[in-house]
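There are structures below to look over.
Two complexes are shown next, each including chain A; its partner changes from chain B in the first to chain C in the second.
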Partner chain A sequence: MESVLFYIFAAASVAGALLVVFHKNPIASALSLVLTLFSTAVLFIFLLAHFVAAIQILVYAGAIMVLFMFTVMFLNIREESLKFDAQNLPVKLGVLLLILFIFGYFASIGFKKSFSLNHAASLPESFGTVEGVGEVLFKDYLLPFELTSVLIVVAILGVVAIAKRGTD
Partner chain B sequence: MDLSELFKSTLLIGPEIALIITGIIVMVVDPLIKGERKRNLFWIALVGLAVGFILNLERFHNGTSAFSGALSLDGFAAYFNLIFIIGAFLATILSKDYIESMNLRIGEYYALIIFSTSGMMILSSAREFMSLFLGFEIMSVSVYVLSGFNRRSVRSAEAGIKYLVLGGFSSAILLYGIALIYGASGTIFLDEIAANFNASNPLYLAGTALILTGFIFKIGAFPLHQWVPDIYEGAPVTVTGFMSVGVKAAAFAILLRVLFEGFSGIEANWMQALWIVSAFTMTIGNLAAIVQTSIKRMLAYSSIAHAGYALVGVVASYGGKELGLSSVMYYLFAYMVMNLGAFGVLAYLSKDGKECETFDDISGIWRRKPLTAIALGIFMFSLAGIPPTIGFFAKYRVFLSAVKAEFFWLAIIGILNSVISAYYYLRVLVYAYMREESVVFPRFKPTSVVALTILTIGTLLLGILPLNSWDLAIKAAGSFLLTFGAK
Partner chain C sequence: MLWVEIGISFVKIALVLFVVLTLVAYLTLAERRISAFIQDRLGPNRVGPFGILQPLADGVKFIFKEDIIPDRANKPFYVMAPALSLVTAIVALAVIPIGKGFNTTLFGLLEDPFYVKLQIADVNAGLLFVLAITSLSVYGVVLGGWSSNSKYSLLGGLRAAAQMISYELSLGLSILGVILLAGSLRLNDIVEAQQKIWFAIPQALGFLVFMVSSFAETNRLPFDLPEAEPEIVAGYHTEYSSMKFAMFFMAEYTHMIVASALMVCLFLGGWYPLPFGGWFGIDIERYWYLPPIVFIGKVFFLLFLFIWVRWTIPRFRYDQVMKLGWKVLFPLGVLNIIVTSAVMVFVYK
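Coming up: the complex of A and B.
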């Protein structure tokens, strides 16, 4: 049951990602991204990371996507400027799939090797819950957590510096 | 990790915190004051950097680690922090006149320089991939904005967008590599990765290659050097000076740490890769620099070539050799002094919204501004590696370490390249000393002169008496090797 659901959502997330890249209409592309993000969130649930899954849907599929949609609508892109270059499409797709296949092949060997080492320890009781995530975030990874806030401050400062009109 | 340990660790990262707080103060005070008084933010920035500098000196004596090994506060990190802070300090002084005459936003400019420096400092001591990546991004995002800072210039805006897109792409590649390494080893700490390293596992190889790619992009080495000339040319000249020394040194710091501490399991592989990268980087950088008609672009290609020379030292420290490591560190320090000086002269000669960038803009400065011409001459001699300047000594150490580590061919390619490079550095002096002037030079700028004087004296003095600064590099390299117990 779980593996069937896994394949369904994994396929949906890959299909969504491909649509983002290949769809002509930017709005449809943005909406396909929702599909990808939603399916990834489901995959997180399979990994017992419920909190991350909820955040993924709230933040990415919710807030960030709204932002994307606004930007796309503001930019007001004309259809013909986005003409998809259909020349040699089969060749391009073929090369893409070949690269994906080779990569997937080696990655699967790699992961098999890694997990035969059996360093995946048994999960703690609170894994994936809000409590567990909070514990890890504010104790073990306090430094990266605080650095993220610095990064966001820098990003905001940068946006203001670039977007604000006038010099004074 | 319990709370008292977290508290202790927080106290240990004083220099980083000092810079971040300074950045926030500059950012918050900026909108509160108006007009001319904004120029005083300059002093806040300088004081903050000086405090960071003093707090950082402590780390040379007692290296420790903080946040259960996520940051290694050793002499190695302290030495690189010295490069970043001195670089940022002098770049700030050089920028004062420039940003005021170009009418750029003062508060955001200083704040971004300081934030970028704090990111570099995190990067130089990071031993864990999450802090590493965040430091990398704090540094990069600030520099993206700074390169597009002059909004009235189309080329500056172009540089900003190009750097953002390409830099974002390279960060994604780096992150992908980190994800693969994490997937294979189950940890993000460099020492644990080294302990689990299994060279027959393709995930480790792919991860190493991708991480290396991300760093090579930031260093600006072949084959990912194409962005350097466009962005260095388009960005405001003081920003170019700052990022050519700071970002490059930070990328080298993290390259050394990740390669030697994390990926020593496949040392022979990445050593060979870097051998090739280094040889091509030097050659392509130098050959392309010869044909440039803009000094700024020429210096951009020259910075590619210098990244190649520094990579010679990285290859020569193969096997954890102290001489090679310290030569890279010393080279980056020397490059900071002389390259910041060269860009500083260009900033000094810019006026009224027009940058000094072509050869015509500097022709004949000897007649009008002899002291500036002498400073420019010293920096060019130093970049070309002519004694008695710091550039000669640094290059000598790098090639010596390559010969001692028996990389004879790499040393020969490097020396041949230095000979080629003399041509285009000296061409600048031909224009400066032997041609008639064709433009009106700007008036005397007191603040920039201070920084240029410091840099000129540093270039000469450390070239004549290099021993103290060199000992510091040796000690720092030794402390780096101690942290992960190499031979």
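Coming up: the complex of A and C.
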């Protein structure tokens, strides 16, 4: 049953990711990204990482993508302004072919290796729980974690400064 | 044993769905009766004794109403929006524990007794699950507003998005104090930690911030700017009719139930009947049906509070809502965390 569900949600996340790129309507693209994020969160649950799954939905789907939608709705982008331009067509096709080639390469590797979804036995008891993630984050990776938060604060201050400059 | 587990889970899910949807139907009646009482009217009392069949009549009427889809609306999103808001509201109830649990042999069918938890899923990060799912409920409102192809709907949707994002922050901050005290994100552990004293007392400030924020999150008066009638007709569901409108309505009431249940779990002691002293020696393993009664009683009281507030307090202006969220509740939430963690570190160690 687990592998059936895995394939359903894996397919959903890939389909969502493709729709993000190929759909003409910007709102539909944003929603497809939400679908991808949601399906990836379900895949995290299969890996017993419940905490990461909840955070994934809370931060990406619940906060960041809502802001995206907000912006798209405010700007009210029409579908016509996003038409495909035929310039540099050979280059674009070349890039697409390269991506397909890389994708095919990894897909062939993926199909050769058989993987099992049940590797819970080899993991510690606290794996994926809030306590487990917290221990790792605040003991083993404290410095990178704090530096990242400083980086985010700097980014927020920078955005506020740039936004303020126009109004004064 | 696995099949028994799956079967019991299905029964629990069906039971919760049935109870919640019935409760939602009767909340609409309660809302109308209580508002009538507050305004010194009678309210709907014709359909059945005391009007108790009114929700049934409303439901039948909703189903037979003409379902209008506006011209040039974005049809797939227009249809999806009410479903999305209702589903996200209901799914959040999956981790709410209404009691501890009991042993059963299913009337002698099983050899070993099976322990049934009074909760659909006992998730380690349960509180985060509720927050994550409820944070998705913005999409229903925003999509409904955008896809209707109407300026009132769009304004309502934008307002709803801005308001829900703003108040989600103070909501999350006010919960952190409780998490610090309980030391866990499992809702069961949080309720257990309130055996000595309800968190509403040491976390009075957090409780206040949480309550105001959850009123704003449910888009209820005094924060119902997304659907303020004098300004934008009915906001994001202006163009909706028939059962689709009913689904938005049901989502709003389900959000009320989720918010009340969460408030009971986090601040009002879950299934503990009094603010102090736990169960006073009553064996709740034996009388397992007492905790759910206490829990549901408290939820009912909070639901009454939601309705009471709606018909008592006038609506804010939109800039006042934003100011309250960002300049009052947000700093109060931060202050609450600082004080709580300082007390935890320096007083209790």
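By our rule, the second predicted complex is superposed on the first by the 126 of 168 C-alpha atoms of A that agree within 3 Å, B and C clash if a C-alpha of one lies under 4 Å from a C-alpha of the other, contacts with A are read in each partner's own complex, and residues count from 1 in each chain.
One rule holds in what follows: a residue touches a chain if its C-beta (ideal position, glycine included) is under 8 Å from a C-beta of that chain, and two chains touch if they have at least 3 such contacts.
Computed from a predicted model, the values in this text were never measured in an experiment.
Colleague: Quick check for you: in the superposed arrangement, does A:151 touch first (chain B), second (chain C), both or neither?
Modeller: first
Colleague: So, A:55: does it touch chain B (first), chain C (second), both, or neither?
Modeller: Second partner only.
Colleague: Looking at A:34 after the superposition, I want to know if it touches chain B, chain C, both of them or none. Which is it: first, second, both, neither?
Modeller: second
Colleague: Please indicate which partner A:161 is in contact with in the superposed arrangement: first for chain B, second for chain C, both, or neither.
Modeller: Only chain B; A:161 stays clear of chain C.
Colleague: Can you tell me whether chain B or chain C touches more residues on chain A?
Modeller: Counted on chain A, the partner with more touching residues turns out to be B.
Colleague: Which chain A residues lie in the overlap of the chain B contact set and the chain C contact set?
Modeller: The answer is that chain A has no such residue.
Colleague: Which of the residues in chain C come into contact with chain A in the complex?
Modeller: 74, 77, 123-125, 128-129, 131-133, 135-136, 138-139, 142-143, 146, 154, 157-158, 161-162, 164-165, 168, 184-185
Colleague: For the complex, give me every residue of chain A touching chain B.
Modeller: The contact residues of chain A facing chain B are 106-107, 109-111, 113-114, 117, 119-120, 139-144, 147-148, 150-151, 153-155, 157-158, 160-162, 164, 167-168.
Colleague: Over in the complex, which chain A residues touch chain C? Could you list them?
Modeller: Interface residues on chain A, with respect to chain C: 25, 27-28, 31, 34, 50-51, 54-55, 57-58, 61-63, 66-67, 69-70, 73-74, 128-130.
Colleague: Under the touch definition given earlier, write down the residues of chain B that touch chain A in their complex.
Modeller: These residues of chain B touch chain A: 1-2, 6, 9, 20, 23-24, 27, 34-35, 38, 66-68, 70-71, 103-105, 108-109, 111-112, 115-116, 118-119, 122, 128, 130-131, 134-135, 137-138, 141-142, 144-145, 148-149, 151, 160, 180, 183-186, 196, 198, 200-204, 206.
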